[in-house]
């Protein structure tokens, strides 16, 4: 059976990535695409790479007939999303890719996003969308909140380790490297080719990056006690990919064993042999996450590295994985595309 | 029905691209992979991006049982290919990706490749693999010779125009821009990141590039008279993509009309509206070819631009498209993957 | 003697490049920097790479005391420049980097820039700044108009050939490849890293690019008859560099001899041995122009390639070269910095 | 006065960078260039970007008349260097860029480089070349050992902090990001454009990177007790630049104050205002090092970031800075070239 879906915010990178993936998904069909400022345009004008597809024209959200829609992907900017979602039909299944429903505690939301939440009842309802750890809740959910892409990369490296108690929760350092598409199609000086290529720098440092809210919420839940990691992301001259280098205190072999065991049956998570660390190039354009563990010359120290494609496993691929669960489809449907290399 | 196929030369970029595409192809299944110098290794060691697939280990060609194989992709280097193919079972269907069988005239082969052909009877048998123009021959062929990637890009821009006689065949200039993966995984100084990135230069200029042999053969056939184009390729700091800028004398509107008419029913060839020229970013990783035509301030002058991904439509995607025809499958089977952008 | 100079429009790439070059110039000293929207800021805030220099703060143009200034570089946007220059002191030497004074004929200006010139008397006074061909005029000039960067690359390849009559003036095709810094620090979608990297496309095609006005003016002057070239520029995923591939009809050896002879004594122009074509990587960050000539298998056809750094020889380096002449300094002063490779 | 110098190993990137910098150095003149395998070639053939310079041809080391040489830069591979240097005249001043003389303890050398040192008496004589911390020793030295590029970046961030005791020496994590030119002009698969661009990964991890030998030696000396840092370098898709992100325990404000104080008079070291972290793009091609300090939401935690150009401040620029001291020239002579941006 093919489910008709809508993509709200189809003119951004995550919206386009949703369409790219749905294009060869056997169980989903795009029934509506919205982009307020580009309403009336064809998707092929906004994204010529999708020109081979027979897609509905971009419309404004209010012009979508949601009665025909089985599930709605919401790829709108943070902040406005909560208002839009609040106005959608109450029986519509929604996978949100914004940051608006990731934090379940209203106080946390206000702290990290600087203003009270406009739809706290939806915030309470939303299920956190890190698929591998919330399968049952997601399958039963009406509203799923996609995770931050950096937050996903960090959690894949750390959740089983915190759950098993094999690392010191108080000395975790996440040093993350991110491609530029994670910043979206925004016109900002630091995203220009001439500014970014051939250079790198940290951003969102100093304990200010909003994905820390997700780390705090989830890691504390997993560990059963407050966990506060140190997190410094860096912007790299590449388009896709996140590499999270996580410096931890713990026994390297035990860490590797724990990770490998936790992910043994996972279709998208691959733990490399001990001592091998992964590269972002090997997951580009795919829903896979590769992980590796290496020891150090210093006993009791280890490095855990996880890599994902921020637009796929970190965002739109994850969203489809969640949609598959919500619609009773195979979890991997449409998502087994091989990475693209070189 | 799923056909078991072999990929000879699986440790190069075109071999890996074949595996990438076959991974989600509904009618093909990889039964054997060869790589002489890496025999015994797992494909995931040579190409970690394919690590999620359950693939046979790399073996030497002589260790493949061809009785179990329905079709063989041959992605070996130029020169050795003709000897390998000559030694394969006579009833084995073969799609070759090398240059060895592209030229049908032994004298042409010797002229462009500098030595006599070692298997002239196979050379005579081989069908030129530019799918859209040789469908019937390919469907009936045992041995199909994949085109040069640059040669494909140039022919998509020019064949209908030469056939229709709407351009001057004696003043054609093909100025081509190519990504680096077309040069393969060879260890050459000019392919190093530090040498190539942030720079561009011409290569194979001066009427020496071997794809000129294909241009001469095919364009003369189409035009019904000798055609000798000028062709200067350039190496660009990007991994995938070919953009052929073809400068021609002819009426721009008529040229656009001719191209659009010729490709109206083609699943992989898209002619943009008149006056719009395509970008390589919009076909990356896909089997599509986008084409555009623009006029000039000078009457009777036009620019035709075609873009393809050299590894896909220019090589491995084309090979699968041909294999589909040879095996009686839908021509587009496994090839409708959307391009990857950004 | 050290001359105090002002840079108007110091917050753009050409302004920054002027400061970079003047920083180690023995005869120039930066006395004033303007940037209207960023007035009050330190240059190191706008361009941290210049943070080691002791520079005056950015001010508005009206706050500069031009009595203290020996020469003024004007790196302002096209269009507004003519009004600014008209308001500057009449005895101030000016090297303009915009397009406003490149065309000497008011009708030409209006045709290519879509509106009448606001300061036609200055337009008549301005000297075209392609140094090697206008030395005497530049040395005596008050107002010098820097050339377009693409226009410079094309002219270095073609002027001696048109002057000597060794090529057919009616069949010239300039296929140009340009790095992104030529587009300036503007916030445009197609200049984003995620849009531009790993891809290429034509721009300003169809006989519409404004540098055609310069080509027409200069080539016709040199040839002594109207010359109208075909010109298609392409945007490449690199920051600096222009490579102009010029396809011409003429004898390759004679073309090479003519170019090599014309540039024999030039400090910044290097003609490679016959049959070798240059790379942009070899002039990056420098004021050098490398040129090469290759023949074709077709007799009477040749390719001439010139490469420059668009920001240096194509703009700010050229401006300083002209300033050197105007101030009676050695022409090469401050400009012999070696290119940066890799 | 101009000193004649030799560059041994001129066909690699650090050799070429030496020539680039010496080209505009007022006190140095290149008298000899060696490159064994390319002896007899012109430097312009090996590095066309240096084609504007009047340079001696490449020769073999044994063909250099060292009596005419005032100082010798040795940019040869690790391992062979110690034998070459041992055979040079005993009164020749030498700045070595290899790893052979960085570690003063023979046991340390054997541990990190896997074999006994072939010239232990020279090892004892050599002065460690981190200029700002060994000025007097370098000025008096005959043989100076250039530091590792990664080692330099890490030490600029940490030495003053360890000396002042404002950070915990036992919890230091150095997460480093490096451009590809640091790996040299070697033909390795992972250095190919198609492999490296658009991707990132760790290398030399697990406490195995040889620059750890330098960190151990120097940090222990500075701290007056053994210091063993954790160090994970990453290869980035860019040509030049190192960014060292150093995660430390200590008071951020005190750390910033300490660094800023230590480097207040340094011509090449710039500490940004508190809370600002630097970018590699802002030191590209220059001898500058930018440093920044940011706090964390967790009290007592800080991030220190240092950026350098690996080929300049990390290698060839440092070498010239040391040569300046050894020859009694101003330390900054020839090294005040502004970075190149964009």
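Order of writing sets the chain letters: A, B, C and D. Residues in each chain are counted from 1.
The working rule: a residue touches a chain if its C-beta (ideal position, glycine included) is under 8 Å from a C-beta of that chain, and two chains touch if they have at least 3 such contacts.
Source: prediction; values computed, not measured.
Taking the mean Cα position of each chain as its centre, C sits at the greatest distance from chain A. When the contact pairs of A-D are matched by residue number across C-D, B-C or A-C, over half of them reappear in B-C. Per-chain CA centroids place chain B at a distance of 39 Å from chain C. Centre-to-centre, using mean CA coordinates, chain B is 45 Å away from chain D.
Taking the mean of the C-alpha atoms as each chain's centre, chain A and chain B sit 36 Å apart. Multi-chain contact residues of chain B, defined as those touching 2 or more other chains: 13, 181, 194-195, 197-198, 237-240, 278-279, 281-282, 284, 342.
On the side of chain D, the complex with chain C involves touching residues 13, 16, 19-20, 23-24, 47-53, 181, 197-198, 239-240, 268, 270, 272, 278-279, 281-286, 288, 290, 336-342. Those residues of chain C that touch chain A in the complex are listed here as 13, 180-181, 185, 187-189, 191-198, 237-239. Looking at the complex, you find that chain B touches chain C at residues 171, 173, 175, 177, 179, 194-195, 197-202, 205-208, 212, 228, 230, 232, 234, 236-241, 243, 245, 247, 275, 277-282, 284, 294-298, 301, 303, 305, 307, 342.
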